[in-house]
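Below, chain A partners chain B and then partners chain C, in two separate complexes.
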Partner chain A sequence: MERRDFNKMLLACGALAAFGVSPAPRALAQHRDGGLTAILQPEPPILNLALNQQTPTGVVGGKIFESLLSYDFDLQPMPQLAESWEISEDGKTYTFRLVKNAKWHDGEPFTAADVVFSCANLLMEVHPRARANFDRCESIKARDDHTVVFTLKEPFAPFILAFEASSAPILPKHLYEGQDYRNSPYNNKPVGTGPFKFSEWVRGSHIHLTAFPDYYQEGKPHLTEIYYRIVPDAASRAVAMETGEAQLAQWMDIETFDVERLAALDHLTMTTKGYELFSPVLWIEINNRREPMNDKRFRQALMHLTDKKFVAERIMFGLAKPATGPIASTTRFFESDVKQYELSVEKATALLDEIGLKPDSDGKRITLRFAVAPYGEMWVRTAEYFRQAVAPAGIEVILDSYDIGGWASAISNWDFDLTTNMLYQYGDPALGVARTYISSNIRKGVMFSNTSGYSNPDIDRLFDEAAVETSDARRQELYSEAQRILVEDAPLLWLTEQRYPTIYDARIENLITTSTGVNGNFAAARYAE
Partner chain B sequence: MKDVVKTFLGRPTGIAGLLLLAISCLMAVSAPILYPASPWEMSGIPFSAPGENGMLLGTDTLGRDIASGVMHGARVSLLIGIVSTLAALFVGVLLGCVAGYAGGTVDTVIVRFTEIFQTIPSFVLAILFVAILSPSLGTIIVAIALVSWPPLARLARAQVMSVTQREFVQAARCQGQSPLSVMFRHVLPNAISPIIVTGSLTVASAILIEAALSFMGLGDPNHMSWGYMIGAGRTVIRQAWWMSFFPGIAILVTVVAINLVGEALNDALNPRISRS
Partner chain C sequence: MEILLRIGFRIAGIVLTIFLIAVINFTLVNAAPGDPAAVMAGQSGAADETFLKQIRAEYGLDKPWPVQLGTYLLKVAQFDLGYSFRQRQEVSDLILERLGPTLVLTLSAFFLSLIGGVFFGALAGRRHGKWSDVAISMVALLLYATPVFWLGLMLVLVFSIQFEWLPAFGYVDIRASGFSAWNYALDVARHLILPAVTLSAIYMAVYTRLMRSSLIEVSQEDHVKTARAKGVAEGAILRRHMLRNAALPVVTMAGMQVGALIGGAVVVETVFSWPGLGRLTFDAVTQRDYPVLLGLFLVMSILVIAVNLLTDLIYRLVDPRIATQ
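The block that comes next holds the complex of A and B.
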């Protein structure tokens, strides 16, 4: 990682010099239905969304494959392969009516049989997150050629969020049935129902998609083709956007410190919308098992010492928003009415005195060790910031560097005092939030479980009830209470809600239309007149 | 001895090197007096340019004082440079002497062992050591010492081999002096000059290796060093040149100084030059 950064830097110098001398000409003007060249980084291992859900796979696969639904910025379901849907009163039966004129890229018609095959067979075998969702089904049946009925064993409100393209991609039954899913020849020349079909993949260079003329939505897609260019070097990516060679960069393609500069260019525009379904929250993880971190007052003292705004503005360069609690404000059931921790050394020291942590002659009360997550600069800066932020209260923090394997092993085996961590929320607290706090998920050796060891029967009950509750109002009540308790208990120090920048050609409109943004299908994207 | 000092002082480059080195050492010594606060302290407004907001050399992305960082960084760089070189000298000279004096199988084994280290690019090896041992001041010193000793060992071996053949050494042997005594009283004093010169240059390369390691994020995260400052500042170099410029100058000055001193020392310790 670090070496690569060094190489990037060398290349950046070269690119900088080249660019400084003669600004490259802008790309040729695009007409209304032109093509799009987008950046892709890193290269996906495969394009079959059922087999791999890493970010770049989702970005490309999301154009080829579709699922039953997509979700708007408020995470409300919108039609995709399903025209309309109904949820029964008891919250156990989900009925989807499918579009009638959809075709696979090889010309075969798309029917309910494909959905049943994908959800009940293929995904159950190869897709862990989909398996967790469809395991809750008693049956998945096709009522007719264009109606599918999912019957759940017990209500599970977030089930409606399970039909996003990378969570439940629908694959063609006629090509996959009876095959070895993982080794099918169609994994490398994917056949989907999306607005763009696979044309060519030159490894290490680019992936080429072309518009699917028989797409079921009349007049779409507008773009004639999409080139995903694989550009491993960050500086080259920035230059490609700057010169107009590429018209779209997403996720972490552009380094945080370059975003502002690129967004200010006339021919580019920037949005942080379109990542709502993921909405990661960054926090400082505290090992709740160890003295004195097992004392709520100690953790609250840390809260009083941490300036989240500083982290958002100075470390994330504004690509983050201070987090107030466990649930991101961009997802559902966020509660803003929670305890606010004022930035105050006095309040913190008062709490520390109360616990009986007295300063020694040097003013030092305690020494803690911070396992620095090895994911890059932002993580190191955050740790350095935290060390200085808590120093005035007499808390000494010593940073320990780890490699990725060592870090994951230390955290999942609970061998740490403090660290940083970040998890996707997947649109619903039951899917992405509960796992960090409920005591049934304290599992030694498992990463992204409840590694801090926080355990509170009230929280367990609230999260359990809210998961199976069907009324949104009641769920909000339960989650609001859970958030109030959690913020009071401060099992973790929530720092920031991460924002990702999507930078694209200012002439493109309707590009980001859903909460999965650049992972969406781009059927509506087009060049403005 | 007088000749040596005279020759050294007769070289303007040597004097210049000495002066520059003195500045570096002065920075290291005076850092806790001039900047008693920790260099990690976010005491200023982030992104202040040099001279702005009362910051002599400006501040970095988190508002840490660059001047304080450069001063405190001198301590880390010099400490690592000197200690790791001493360690490398100890290992290198010891193995070199044994190999050169004993000859035969012992020599072959030691030379082959040295070659193992020499065939691997030293910087890559240093990265590997630090990554395995997890970065801290101690492990960085060990890693740099481990990659710096082979050239010293080979040089010591060659020197010892040539001196051992001289008549006065054979005379000492004939008198029945113990090998240790021969080594320390007759061989080493006559073989040491080029080793001292190479050792001084090793300090410079040790400082560079440390800077490169820190630049890549493999430095001790609890000690401010020049390489770290450049690494942390390089991402914003288009907006804030000073964050990487000043520590860069500090490295440049120190390494050039050591090289100049080394060159002058080379001339001074060479009897053919210093006595002519």
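The block that comes next holds the complex of A and C.
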């Protein structure tokens, strides 16, 4: 290269650097004005919590919409739009007294009519989980402008847990009544009663919420605004937290292997609290209809081969706890006194021999296909681990990849041997656990029903009885019995109770105050003085 | 008259191509196993028969396949791309919202790779066998072999985290609504640098190699030798007699690569949170948002056809012989 060319190149590099340096790209790195930038992934399809209950919709919608109650870390109800409530002796009448000074974000007053309209009409039409709860009501009536009475056909103890924002969001009657709920213009410009009101949604980029000045709780919210930034790439999300461009990452935003590193940074802190109401349990689902999986000894053999501790520590990087049965330890009526399956290839092979599954000349007893859930690395690694774990007993597992549509279709139509799955428990076995095991919920084509096909009349009876029982002590007895039977029968292989990391700016206080954590309304969240 | 006829044929060809693309897209999308109802149920965490029935009715999935296809084609003919039941918005609105950022990104990357490729290729070809040629060729090979997402992340590490010169992701500052037009443009430009460089790198490498070998070949041709023998200055020979000829294969290649460029934008848009069509496509695929997916495929096909037309025009500019043929 001649000197003249070299000088030209040097000049060009200098110009490039100068162009890069001159502006201040990190202007948004710090919110000195009391706002918050949070990561959101994936982007929610809409913001109306009544029409969509996907996690990101719950995260954003939970700031805009409210329900009658929220729940503390022990799942005890706390006031939200209802300031007090009482349950009749017979467990059939729930009376809620509503806050009197709440307003919708468009300035209209919030009244009991909104609650009746939402629970008796709107949610009944569009929200499957709310429909299952409010279908149990004989009537939902407003006694006056600020009192609502729910009368149940028969007692249903977990009914008090049905009033969390994504389970029963209250929507404005004056904007939705008589409209096509699904195609209302307010679905993407939501109007709620929450501490933050909708300001702007630039699809693919961000959602902007601003503090609602007329919020009914005096002096709240403290945060002036919230930006939810959509960051689809996991590495970019970690970078955003590291550089301070975002101050909050939640749920599965950060890859498990990155959590410890980020949490150790000076400007960040981490908690796993705030997911108690959801308490998801991860399991390997076994198609109980097919041979030899219809034999409980085969399923028990799989239990003996699976090291849950390994999954919790190595695959989930400690962000999980080994599960002992169908109910999470943070859900009500958990029972720890259940059968323990010792990790033992010998015990597993003895069971396999007993049912006549003999190894061939290569030592192989059977080949099963594993439908890998298409939700990311964690699911793939779990499937890969399982394939290795059962191989010593002569069980060959072939992993099949799916996209979300194909996977959901295969599982809901019972076209699988094995897969992984995970469901929220919503605080009470009657709300989030029974659905996976009771025979009446074996419904072809319906996702999140009893897709494994397990059927046991004793389990059906115990779950049915416990759901309508009003005494907590008796419910505990019934659920303990159900857990013992289920662990003995092993219809699924419960692996871990998932714990999610919420990583956030260390200066923020009161961010996680309920068992719905980051899905809560953030009314109390503030920057330390 | 002949020109008009030729233009007519060309337009008819385009319309036929678009029609065939629409039919193939529809068939392929509907042939995939699984249905949107199952996906939506899967993501909402709850479902019952009523819910599934409602979704299938809304999507028109309860109608026979030929009826669905006919309805779709009729709508396309009326420039109606349909309605996304999942996002509760017109598909055309969703696509228009994202079209701008994608055009900005892909066009920047297209021209950056083309200009960079021709420049560095010419430089290397000119200095054939010297160390600068070896250096450029090696860097080009390295860029060609580098995965796009990795390059993106490395650029972020160096320019965003280490030096804090450029924003790590996004299209524009989220508070840009208060910016003046000039500041807004400047902000977009700053956000554009890393994604555009990332997306163009691999193509720039290809064009550099292509331009280099093409230039070396042209430099051996008789008319160049004659010019040299006549004592024309080297710079003038390069500009007047070699560059245009050598650039022809590069322009051809660039036109063909546009489809791949739009495809590559999916990865770059994901790494840099760029709110473009690529990410809309990715989301629509995973969520089985059929109306959006079909709309996107159609718009992208039209974009590719349009850029191919553009390439033909550039071809005529570069090589006047084609225009006169």
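Rule of thumb we're sticking to: the second predicted complex is superposed on the first by the 495 of 529 C-alpha atoms of A that agree within 3 Å, B and C clash if a C-alpha of one lies under 4 Å from a C-alpha of the other, contacts with A are read in each partner's own complex, and residues count from 1 in each chain.
Keep this in mind: contacts are C-beta pairs under 8 Å (C-beta built on N, C-alpha and C of every residue); 3 or more make two chains touch, one makes a residue touch a chain.
Keep in mind it's a predicted model, so treat the numbers as computed, not measured.
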item: Which of chain B and chain C A:Phe257 touches, first, second, both or neither; value: first
item: Broader residue contact with chain A after superposition on the shared chain, chain B or chain C; value: C
item: First (chain B), second (chain C), both or neither touched by A:Arg381; value: first
item: Chain B versus chain C as contact partner of A:Ile315, first or second or both or neither; value: first
item: First, second, both or neither for A:Pro109, with chain B first and chain C second; value: neither
item: Touching partner for A:Val372 - first (chain B), second (chain C), both, neither; value: first
item: First (chain B), second (chain C), both or neither touched by A:Ile404; value: second
item: First (chain B), second (chain C), both or neither touched by A:Gly363; value: neither
item: Which of chain B and chain C A:Phe448 touches, first, second, both or neither; value: second
item: Overlap of chain C and chain B interfaces on chain A (superposed complexes); value: 5, 403, 406
item: Chain A to chain B touching residues, read off their complex; value: 2-3, 5-6, 9, 16, 255, 257, 261, 314-315, 372, 377, 380-381, 383-385, 387-388, 391, 398-403, 406
item: Of all residues in chain B, those that touch chain A in their complex; value: 38, 40-42, 46, 61-63, 127, 131, 134-135, 215-218, 221-222, 232, 234-236, 238-239
item: Residue ranges of chain C touching chain A (in the complex, touch as defined); value: 32-36, 38-39, 41-52, 58, 85-89, 94, 97-98, 101, 127, 130-132, 149, 153, 156-157, 159-161, 163-175, 177, 186-187, 190, 193, 270-276, 279-280, 282-283, 285-289
item: Complex contacts: residues of chain A adjacent to chain C; value: 1, 5, 17, 20-21, 23, 25-28, 37, 42-43, 45-46, 51-54, 127-129, 131-132, 182-183, 187-188, 200, 202-206, 208, 227, 229-233, 235-236, 239-240, 242-243, 245, 374, 403-410, 412, 423-424, 443, 445-449
